[in-house]
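Look at the two complexes coming up: chain A is in both, with chain B in one and chain C in the other.
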Partner chain A sequence: MQLEGEHVFKGPREEVYAMFRDPEVLATAVPGAQSLTKIDDQHFEGAMNIRIGPVSGSFSGKVEVANEVYPEKFTLIVEGRGAPGFAKGMGDVELIDQGDGTTLLKYSGDVQIGGTLASVGQRMIDSVAKSIIKTAFETLDKALEARLAAKAGSAPVEFKAPTEAEFAAAVTKDMASGLSKVAEVRMLFYVIPLIVVLVIVAYLLSH
Partner chain B sequence: MAGRVFGQSIPRNEDPYLLTGQAKFIDDIELPGMLHAAFYRSDYAHARIKKIDVSEARKLPGVIAVYTAEDFGEFVRPGPLQVPPPTAIKGSIFHARPLMPIAKDKVRYSGEPLAVIIAENRYIAEDAMDYIVAELEPLPAVTDLEKALEPGAPLVHEDLESNLAALVKQERGNYEEAAAKADVVIKKKIYVDRGAGAAMENRGLVVNWDDRAREMTIWATTQAPIPLRNSIATRLGLFEEQVRVITPFIGGGFGPKIMTSQPDDVLLPIIAMWLKRPIKWIEDRRENFLATTSERDQIHYAEIALTRDGIILGVKDVFYHNTGAYDPYGMTVPLNTQTHTVSCYEVPNFYTEIRMVFTNEYVVTPVRGAGRPEGVFVMERLLDYAAQELGMDPAEIRRRNLLRKERFPYPTGIIGQDFVEGVLDSGDYPETLRRVMEVIEYEKFRKEIQPQLRAQGKHKGIGIVCFTEGTAVGPYEGARVTVGANGKVTVATGISTQGQGHFTVFAQIAAEQLGVDVKDVNVITGDTGHFHWGAGTFASRGMGVAGTAVYNAAVKVRQKALQFGARFLGVSEDEVELCDGKVCVKGDPSRSMPLGEIALKANPTRGTIEPGVEPGLEATAYFGPPYGATGAGAVAMIVDVDPETMAVNIEKFAIVHDCGTVVNPLLLEGQVMGGVHMGIGNAFYEKIKYDENGQLLTASLMDYLIPQATDMPKEMIVEHLETPSPLNPLGMKGVGEAGAIPTPACFMQALEDALYEYRLQIDETPLNPSRLWELVQQAPKK
Partner chain C sequence: MATTAKKPAVMGYLPNDVPPFGQMVLLGFQHVLTMFPATVLCAILMKFPVSTVLTITGLGTVVALLGSKFAMGKYIPLYYGSSFSYIAAVTAIMQAKGVEGPVAPPEVISVVTAGFIATGTINIIVGLIIRLSGGKEAIDKVLPPIVTGPVACTIGIGLGAAALNMSSGACCGVTDPVMQLKWWAAATVTLLAAFIFSVYLQGKGFIGMLPILLAAIFGYIVAIPLGLVDFSNFGKEALIRAPTITFPVFNDPLTATVIIGVGIMAIATIPESTAHLYQISLYVDHLAEEQGREKYGLARYIGLNLMLDGLNDLVNGLFGSTAGTNYGENNSLMVISRNYSGPSLLAAGVIAILLGFIGPLAEAVASIPTAVSGGLAIYLFGVIGMQGIALMMAEKVNLYDPKSLAIGAAILIIGIGGNIGFSGGFLPIPLLQSVFPYGWPAIATGAVVGIILNLITMAWKPPMERASVEH
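On to the complex of A and B.
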């Protein structure tokens, strides 16, 4: 199953890429990440907490970063397992310099989920995944703004990651506003958050 | 046929207990020292087992034991096969792969048990699952029935050459010759997707091994207590008499509870014997979806050949049937499909072929309807396509082809689930159609009401279909009827009860014979300690088979009562009769003896009857028909479709049903309505969905929709035609599945009629509003 989307960052491509390598930023972008251990430059092991409607629990997983072409693209291979089931996915992330000082991030991937996550959480996955991605990008927008301001030496922009409670509220709001109408996107959207989180953490640790 | 109580609408004997919360269900059972079980199940649908580490789980306080396949040693073997292979059908192929009690080496469906945890309570048992580490190597899964048979498809059972589980071909006449002569041949691909039994109460098991008495007592929610006892005793090397299976009140069966060798049935008695402590397992709803069998899921390549006048010359149906990862229940479901595809019509040439397929999904076994709805759906859809093609009215094309009354008994030439050639014993199919058209005012709706509604832009449609229901199959059931010294009657039979009303209808049969009050008949079902021969509750056979055994036993007791009563009263047998719980001298009511007193004296120890006479006012009888009795009926419905939302409102539903002699019209109406409810679910709500990796996506009642009371027809007309079956003395036929069988086909026809301007040809069930919307969008427009 295919999953794809995009997001425009208001900053140059190199800065966006650098941000993705900044552990402090990335670790805060998605809530629930518990730990990440570097195995080598391309491989990481980590744990995160997941809550999809009635399904919750901790996942342990592996992340592999492959096909890295600075500052254009990289591929993430993620595999997570835990009491709530499993997720297995592969995603390509591409950064495109739009020539106007902004950067277009495109992602596309293929994900499988199983266990309780699929059998009970399936109907929520779509909404929750989209919310996680949306929140993560919003957080990264602010982080990027803060980084650029710091670099320019101008007045510091306050950057604060959302708390888990704020995140939960955002998910509820998104679900209520009917974000989940697109049937085809179902499962993949769930793993994207997982991928994003794990990638972020992987990058954190790798640098 | 109606008598004093037989044939009357008598309220249910069991209802006071059920309605006031006094009835005992399996989860009400608490035993001293009882432990609780939970199953650790595979998340993967198809995987090789590398290692299962339960060492940490075993350390959790409160955990008594954790077992994996290697702990069960020789007990880990497939089977047994619950229904024999179809060897009666020439040339048939069947690969028996009965269920494994626990996954060993390989996982074949998501939800297959990998470990069993026994703990002080269920909470601890469930918590312990988090400490189990299963190393599984995922394999590609097969879920598509057609792709599963292609070369190179992953194999569910690697010792087989392909995923073909069975191949059965049957033919009467010669279809190809008939098609060559036909004016019209219509070919269609038709899907019938999967639905659950979805009983209100899930399954459960409580096992108690009394090590000093060397006796095992099992409380189970089974539809087949005697086969369950037999298989457990055999596996454990015990005598059948050492194992007693008791079914408490059960909140619905609907088919899946017929299974007797599911993992829990096999493993928990073994563990209870090892630990010498009682064990309880109550299935939760997710487990019920994952690991209790479900049904339907067929793909049909169907053809019908007709004359220009709409007379059927032949039907051909080649279909794929999903059996899931194993086939423990043989071929009952697809064989029912074969026997029900053409059963109420005159179809001189019929070719039918089953391709049963193994997939990485849970096992398919009968669910109310059990293959019949699929066959009827295919046939009724074919007739609708033909009616559209020929410009005929759907009712008319059916009228022209229904079997005439004079044709009975009608041998069908097709061997069914009971491995004998199907014979339609009796009925009047054209009359059921005529009456259903009358009660729903078919002509008036078509000619007067509908044109006006359409002129107003409304989308109201009518559907009308016919069906048969093969019921009351053998091999046999038995019953024992005993009059107690208290003058009351006990009826014990081997089948079990899941809400059908056996406590009332069996009581009516006995009460009618013995002249007692229905409330004074105590019916015992599903307790092998009380009656230990029989097959179980399936195929709408409770009344027709066990009910007849009750009748036969009650007749014997009646004869005994008259014989003994006459003797004690000092008159000859032809001078006495039964009157109000007594044996009376005809014409002299002052000379009588209550049944209780006769029962007390009917024992040689009291010196009142000679030694050598079978003691007691008691008799046991068995009944087995040569083949099953076939019920039939016609249904019609009027639906109102909102073309904006595709919400469907069933305004009126009519069924004229013939199940032979009616024992209790009140209960019969309930059975029919319950079946219709399930049929509506199978048409527009209930769908079990697996993804392409074998992951079940509908394992909760959030995602698996069951119609609510508000989704039922606003008006429901249930009428009966009574054509007694010649196959049993009371003329009864079964009815348990009737309503579920024709409803999806009728629903689709009514939808097509409501959305007439789109000229839909619906070829799948179930639908839902969004799927119907898609079909309308794809339609060739007005």
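On to the complex of A and C.
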């Protein structure tokens, strides 16, 4: 599955880069992540709990940071394994200084999914992956705000990572809106009311 | 192609194109002429009121087209006429009910249409299952082009005898040699006219999109001096008539039999409908490419297509008409005329609805001699078969490998041989008689055999595959 997208952070590029290299922040950003332990500067290990529709379980995973060019770009290599299946992915992250104190993040990557996880269907995985990324960026936005505030010495901004339940709710909502874009599901919205009307019309005309 | 630039611009309509009103009426009427003979014949053979069947199949087509537009923003351009697959099952029920005369009473029709509700529901459920199981990727494994291509061929070529029966008069008990020659003359002239209009009017603007309508008019005029147009049938119908609407009933002692016997025929229409979708998708995208416009990729919507098929059956069942199927001959018409416009099919649906209400209009269309329809049928049924071959060519099916040859061979012989050689297209296989009391439907049996052979080669990999020869 190809993933691609961009996000604007309201902060300078160096600060955004530093945030990405802080395992504590990353652990809060990845929904359901319980811990992220630093092995060395480039390698991390962690565990996360995920509950998505019919699939739930804990994953243990490894994260590797490669091809670092401070503060412009790096590559993330992620590997997760658990009872519901496995996920392997590689993504290039690029940070572009927009010159107005904001940073444009561009990412593109490829994720492979196997096991029970893959059986939930490509489209559902697509919308879950997008949902995870969206939630992660929202959390990172808040984390960045908190870091910048702490640095400036002003009143600390309260920063709290979303709970697993909040995340599950967000994913479910995104999935529902993703599902309503599936032609066959939209078709049901057409068929069911139409059949009700036609049954009434046909019944009246025939009696 | 390097020569394309010198040729006149390709005139054609893609599914979402809306032709001007006048063109839409003519193109719609051409669709009506194409579906008319088969739909009326089905209604007569199943003893349903013809006016109801015309109106409700038109309504079903409109409902299905609007459904595809609503669900995915694009029309799937198909016309839904009444299906031949149900004739044997329905005839058996009519006999069990002791129906005499040309049209069955409403209380019997209500019992039969419960079966159409069943077949419609099965189609919708199968469509949803296909979507859930992974859509086109999953279906491509079960129904690859080496299966759908030959299935499309069997549908068209399997109708070959029907086209010749119509052309020769054998359909209608003509035995007098002079009369037979007149039938052949009308059929041949019509076929020749359709050939000339479709080949030589290309690039001449809108008129090039009406070859079948023009050929029908030409054949009709030629048939008048041959004495094949029966003018005595004019003026019998009321100017305005109301089609009989019958609502299905589910509390008859025969209901369970009807639901199983008629519902099971969904097996026959599912591979057929999928093959039709693949064909039309191929040709729509070809026109899109010629015109340098965005492709439609309709073949992806297999699940949706079956749901539309099922919805159309439900409409027909609810209003007392015969179960339908998307018509291969209308696909052929679209391919020949390069008019895939959904709105022109909507116009056809509306005209069909009106035919049920306006007696003289239906009489005029019905007065087209069978021999003229037969001449057109040679072309239209044959093109269904040609589209199956095109499907295999487009998908680069390797016709040098025994695997593909065997799968195609089995489908073609069982489907075409069975459809032409045995009464009603039912193979005399005395197994599973509770499900198939009249024998096994040949086209569906051929399709299933092809699917099984293909699945065997997937489970048990052949040691080698003969290379395809590149030119």
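Here is the rule we go by: the second predicted complex is superposed on the first by the 165 of 207 C-alpha atoms of A that agree within 3 Å, B and C clash if a C-alpha of one lies under 4 Å from a C-alpha of the other, contacts with A are read in each partner's own complex, and residues count from 1 in each chain.
As a convention for this text, a residue touches a chain if its C-beta (ideal position, glycine included) is under 8 Å from a C-beta of that chain, and two chains touch if they have at least 3 such contacts.
None of these values were measured; they are calculated from a predicted model.
Examine A:Ala83 and indicate which partner it touches, taking first as chain B and second as chain C; both and neither are also allowed.
So A:Ala83 only meets chain B here.
Which partner does A:Asn49 reach: the first (chain B), the second (chain C), both, or neither?
neither
So, does A:Ser60 touch the first partner chain B, the second partner chain C, both, or neither?
Neither: A:Ser60 stays clear of chain B and chain C.
Scan A:Gly114 for contacts with chain B and chain C and give back first, second, both or neither.
first
Quick one: is A:Leu194 in contact with chain B, with chain C, with both, or with neither? Answer first, second, both or neither.
second
Once chain A of both complexes is superposed, is A:Ala202 in touch with chain B (first), chain C (second), both, or neither?
Second partner only, chain C.
List the residues of chain A that touch chain B in one complex and chain C in the other.
122, 183, 187
In their complex, what parts of chain C are in touch with chain A?
Residue positions touching the partner: 63, 66-67, 70-72, 106, 124, 127-128, 131-132, 134, 245-247, 301, 303-304, 307-308, 311, 314-315, 318-320.
Touching chain B in the complex: which residues of chain A?
Touch residues, chain A against chain B: 54, 57, 81, 83, 85-86, 88, 112-116, 118-120, 122-123, 183, 187.
Under the definition above, what is the set of chain A residues touching chain C in their complex?
121-122, 182-184, 186-191, 194-195, 198-199, 202-203, 205-207
Which positions of chain B touch chain A when the two form their complex?
43-45, 110, 129-130, 138, 286, 289-290, 691, 693, 695-700, 702-703, 770
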